[in-house]
């Protein structure tokens, strides 16, 4: 039972963590809470559905329910969603940043979120979609511990993406520049870093990672227009838990939220799952508003 | 002809309930700079409280106290105020955008409770047969509509008057000072969190009242009425009307509700039957674009913030 | 009596104020001088509660203010001005001063609906008092002007007017003479004397030693975050350690 909670919690926690990385980065860099971030996950999932559909069917890979077309679609959708995120910044947020306050940006992002989601709902309808209708095969990992092969594959891919992100942030000049701008934009500019470029890169990365979270959610659950919006509260909770601006914090926060959600199911029932993130977040704000990894909250 | 008149009554009645919610949000955001993304949640708290207090007992849900409607509305304000006080006490001392996130989380949680706590709220079926004001007139649509309109107009006027009083008062002066320079105001003995909490709670009470009035005019509530799109509508009303201005808040509510109703009718007429169900989604896209446009092109709204001077100085 | 014992404040590793212990008479005029960056304003911010203490204790009379929030210190009797004036720019001069009145009935939301008469009466009394203070500080001409339009020297006066309206027992003035023209400076010195005659105490940070010599009975000297010397203005300015600190600070 406990073991099963861990398996479920870790898989969904990995997806929350992936989505929260982009959220915490834009939050730390631009100092505003982007309510449209969840929609990047939704759009990522649906864009992958379109691409995979265009490629056509293929044999599933081993025990998985999907084949190589979905992997290609994942890559394509990450690129497309990254462009969508950068475009949203260019059309809306960048202009508002120039004269509006941070809070005007939050309102605008709330509006963008509803518009993006409703546009998808108009296009695809409110009913759920699936990448395939195949039944997912499960494996026994230990006593009382089962996972689908899909879950394991998604978890593996998520870990690879997180590791890549971590290396990017710590080992490359680009990552160092991103952290420099986030900590002190003026100083970074003096050091010859172009903040506008860093902002663009942050949107691209955040959008791409959110898209991957959306595709993974689509593989393991289903696609619905509200999937990303429902992910938003866990994403914020993970970002606050880990400390705004901290990439490892977002991953750890995602994991904690995922496990807390899974653990709540036997206690309160699946229907209150989304409230768990809220409760964990409130508790964190009461005890340590700056998050586990410092950050700049409070 | 009389059909058109009763429709007009209904239209303005609903628009004015939104107006009261927008006034509440304007106190929170326009005066105190508090970013509430949980408008729908506070409206839901008010609506359910009023329904429990005034409706007849029913098997599907809790409540059934059959109190007078006026008491139901007061109870609704108290319930929403209490919810705001609890949430505000935790989050108002934190940075501004954390309030946005927590109010959003509270609204999502409230919607979940409304949907799943069947024995309390009636679950997805909601609560029906909520008594309407002037039920005795129900067989004369025009008189019924006019009486309801007069009632909500009186409430909106009272709320407007009360808020104008507040913004021109020493209390409103402190809020303006806090928005300009919190450290300076604190050095003059003003407790920032206390004033902000008061603004948040009073604003939430008005939003709860708006929720209660809508419940009572429609006679029926369900969790579907309190989705984030409601929060968004009220925000658009405030932004379009011009935040920081009570008259703007009312005007924005009227304008956006007109746009919303008209676009609904237009989409119903224009879209082929197969797409009708999705038309609602298109409406949200349209209103989102309107918001973005107003923020970009006319950030101060239709009217814009009015310079407030304390009442007794000019008078 | 304002009592500081072992008061310290760190910024990162640097100690801006480092173990300062002082006793300041609540009804005197005390000077606080020292070279740029000595930690004078930081000490002010600690006393006024705008910054949190890293170590030490602050007491005023019987009250322990060490961890009281900024807005409580005025009720305890301590008011302050800022080195760089912080008027509420969108409000008029009169409103700036009115705001500072303490214990206003009209600051309770319900009073404005339930007892508007009482609020209006008190507000009229406050307006009369605010106008007196504004007159006293030679700002009468500007009472209705937005604070944003004031000159640097006028802003200094507005800071003083505001804190006077709050009627504290001890006022902390951070560089009241900086950027003020000579005739305005005489007004300020004269007003501080008059107010002192009415029983209000002052703690004044100032680089203008002439002003310090004319007003203060006691002067404390800070350098590098520490208390360096205390005494009469004459004794202190003749102290070789003080001369050293100023020259060292200038070099």
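To keep things simple, chains are lettered A, B and C as they appear, and every chain counts its residues starting from 1.
One rule holds for everything that comes next: a residue touches a chain if its C-beta (ideal position, glycine included) is under 8 Å from a C-beta of that chain, and two chains touch if they have at least 3 such contacts.
Since this is a predicted model, take the numbers as computed values, not measurements.
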{"item": "Where chain A and chain C overlap in contact partners, by chain label", "value": "B"}
{"item": "Central chain (by mean CA position)", "value": "B"}
{"item": "Distance-maximising chain from chain A - centres being C-alpha averages", "value": "C"}
{"item": "Geometric centre distance via CA averages, chain C-chain A, whole Å", "value": "50"}
{"item": "Distance between chain centroids, defined by C-alpha means - chain A, chain B (Å)", "value": "31"}
{"item": "Whole-Å gap separating chain B and chain C, where each centre is the average of the chain's CA atoms", "value": "44"}
{"item": "Interface hub residues of chain A, defined as touching at least two other chains", "value": "none"}
{"item": "Chain A - residues contacting chain B, complex", "value": "32-33, 35, 92, 95-96, 99-100, 102-104, 106-108, 110-112, 114-115, 117-119, 121-122, 125-126, 225, 229, 232-233, 236-237, 240, 269, 271-272, 274-275, 277-278, 281-282, 285-286, 289, 297-298"}
{"item": "Chain C - residues contacting chain B, complex", "value": "48-50, 69-75, 79-80, 82, 86-92, 94-95, 98-102, 104-109, 112-113, 116, 119-120, 123-124, 127, 162-163, 166"}
{"item": "Chain A partner contacts - residues on chain B that touch it in the complex", "value": "33, 35, 37, 90-91, 94-98, 100-102, 104-106, 108-109, 112-113, 115-116, 228-229, 231-232, 235-236, 239, 277-278, 281-285, 287-289, 291-292, 295-296, 299"}
{"item": "Residues on chain B engaged by chain C in the complex (per definition of touch)", "value": "162, 165-166, 169-171, 173-174, 176-177, 180-181, 183-192, 195, 198, 202, 307, 309-313"}
